[in-house]
Amino acid sequence: MLLARPRPAPAWRTTRWFNTDEPLSLERLRGRVVVLYAFQMLCPGCVAHGLPQAKRLAELFAREPVSVVGLHTVFEHHEAMRPEALAAFLHEYRIGFPVGVDEPGEGGDPVPRTMRAYGMQGTPTSVLIDPAGNLRAQTFGATDDLILGAQIGMLLQEARTGADGAAAEPSAAACDEEGCGLPA
Amino acid sequence: MLLARPRPAPAWRTTRWFNTDEPLSLERLRGRVVVLYAFQMLCPGCVAHGLPQAKRLAELFAREPVSVVGLHTVFEHHEAMRPEALAAFLHEYRIGFPVGVDEPGEGGDPVPRTMRAYGMQGTPTSVLIDPAGNLRAQTFGATDDLILGAQIGMLLQEARTGADGAAAEPSAAACDEEGCGLPA
Amino acid sequence: MLLARPRPAPAWRTTRWFNTDEPLSLERLRGRVVVLYAFQMLCPGCVAHGLPQAKRLAELFAREPVSVVGLHTVFEHHEAMRPEALAAFLHEYRIGFPVGVDEPGEGGDPVPRTMRAYGMQGTPTSVLIDPAGNLRAQTFGATDDLILGAQIGMLLQEARTGADGAAAEPSAAACDEEGCGLPA
Amino acid sequence: MLLARPRPAPAWRTTRWFNTDEPLSLERLRGRVVVLYAFQMLCPGCVAHGLPQAKRLAELFAREPVSVVGLHTVFEHHEAMRPEALAAFLHEYRIGFPVGVDEPGEGGDPVPRTMRAYGMQGTPTSVLIDPAGNLRAQTFGATDDLILGAQIGMLLQEARTGADGAAAEPSAAACDEEGCGLPA
């Protein structure tokens, strides 16, 4: 269910943020499981499936080290989906989690930069990033709740105990001069 | 299920139309049952309930003398819901029935003119107009499919056979020099 | 939406009734629009679509001259769907409208008699009967709420004003010694 | 999301099994994550929520070490839900995962024995058992897919790497005379 070969998640390139005092970045979210939802406010699949799932996720996992983050990746109808329109959309749809605006593509590229860097095929796309900043899953279109839940559960558990051989990093705190303790 | 006292439906005041070659009006739709859906493109209830119902209605009643018409009645976030944005919205949501843009309110009134004339309380609002141009039902919020269907069925049947006392017009053809025939 | 050629609805053959003090029959329901739901308690489509629609119908049209009636037409797994099991089912599913048990088929016919008389293809099947006892529509499988609503609305309106040529019965009260009045 | 204090899951007491050649038991499922669904065939919440979730789970996790098992825990309307009726139900609802019939309660207890041993409050109840046979979660009523998915994901990951302090059992194989190896 998770990518066989985790790789560092590309940095986010954003021009503006909503619902957060400070811009978010992968570095600031280190230590948490991050669920990134790329969407467009006029994308029917995003409105019907992606964003409602993101809202429930933010609510249900509020007490877990899980961060739900939206990314407005406009690649069409740019004039209709400017940040001012997005602000109205977020207000009307009662979206309370942080949402960044993806930086416009370079040299006339209609695809914004973060979307391009992740190689997304469209919206909605959900991305799972582990506490170490590695990209662990990326799905274009609707993701079944059971599967998404299982992926998050795996990352949460992994964060507690360390992952298996390939991906696990022995916690620095696990062993010190005094000896080796059980992971916290 | 229908208003006890039908009254002539107020004229539509619009600045622009989509999905139709010529502007629509009550006069042009005389003889048909009209279901008017007032909506805003950034209204969650419109996107989740009103517009999907309107789409199904247009599809299911395509062979009946029923016209489904949208009316974009923007009373908030005006900058985010300009006609250019509406065009993108209609395209993305695959809305194929005619949609008019309600004329801005006068003297700084945020409520557009047709919405004001009908005394609508918000969006979505669905309005039923009979073939003679009378307003027969108006509902703010979601309408149950069974109820809406029944209202339309009543108007369709009424159009065939004449309504009851108050609204009925004896068909000219029902009685002639030869005597009185059963309604066709 | 209604049958081009209405015909008298076949009589109901039943062995038992639930949720009603006296057995129901077409005669007893004369003057009302009747929506008959043929179902089996272990039929997934009946439980998921037919019966919930019937429940909503009974609720929404409680003040109209509409009667919702269930008919348990068991044509398979007879041992698992005996009347005692049906009683438990009706209790658990909170079904409050009258339900008759279709009379077992004759001569080893697994299809019960009323189901056979109506030529039903399976369950769920919904049947619309007008106030004069004529069969006006019969649908196997799920019926769209909008269509069903429209059919019921047509019959309700027809009952008020008389139907078109084929089905209309001139009301006895429409003409008296004084002459002929418009239908009430 | 998982019980703070795992405890050995009580043994299953069953009289009959469907959809499996041999009776299932906790012992036979050791090494797998087990999702046990207690249900009654005439329980609306089971039919609407519990069993459809169980079916999707069985399908989506078919390639994972996850076993979905049904348990027919009849505590009311016993006559209407005998094993013969259950067989018809499982056939009609296309339920393909193994289903056991809970053993009738002793001494006239209407609650069957496994249901009693787990202290279930009603149906549907879902129970999560880890690969070591410990009860890790038990929920009466509908469980959100995201939460259930996360719980299963945690157990799957835990099975790969060992759990955290409180719940972890050092694998017998982890340490031997040669020293201690990383968990497989």
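A few points about this structure:
As written, the chain order gives the labels A, B, C and D, with residue 1 at the start of each chain.
In the analysis below, a contact is a pair of C-beta atoms (placed from the backbone, for glycine too) under 8 Å apart; a residue touches a chain by one contact, two chains touch by 3 or more.
Because the structure is a prediction, the values reported are computed rather than measured.
On a Cα centroid basis, the chain most remote from chain B in this structure is D.
Per-chain Cα centroids separate chain B from chain C by 32 Å.
Chain B and chain D have Cα centroids lying 53 Å from one another.
Measuring from the averaged C-alpha position of chain A to that of chain B gives a distance of 42 Å. Shared contact sites, meaning residues of chain C that touch two or more other chains, are absent.
Viewed as a network of touching protein chains, the structure reduces to one closed ring of chains, two contacts apiece. Applying the touch definition to every pair of chains gives A-B, A-D, B-C, C-D. Put simply, chain A touches chain D in their complex at residues 1, 53, 56-57, 60-61, 64, 144-158, 160-165, 168, 182-184.
Only residues 42-44, 47, 76-77, 79-81, 84-85, 87-89, 91-94 of chain A touch chain B when the two sit together in their complex.
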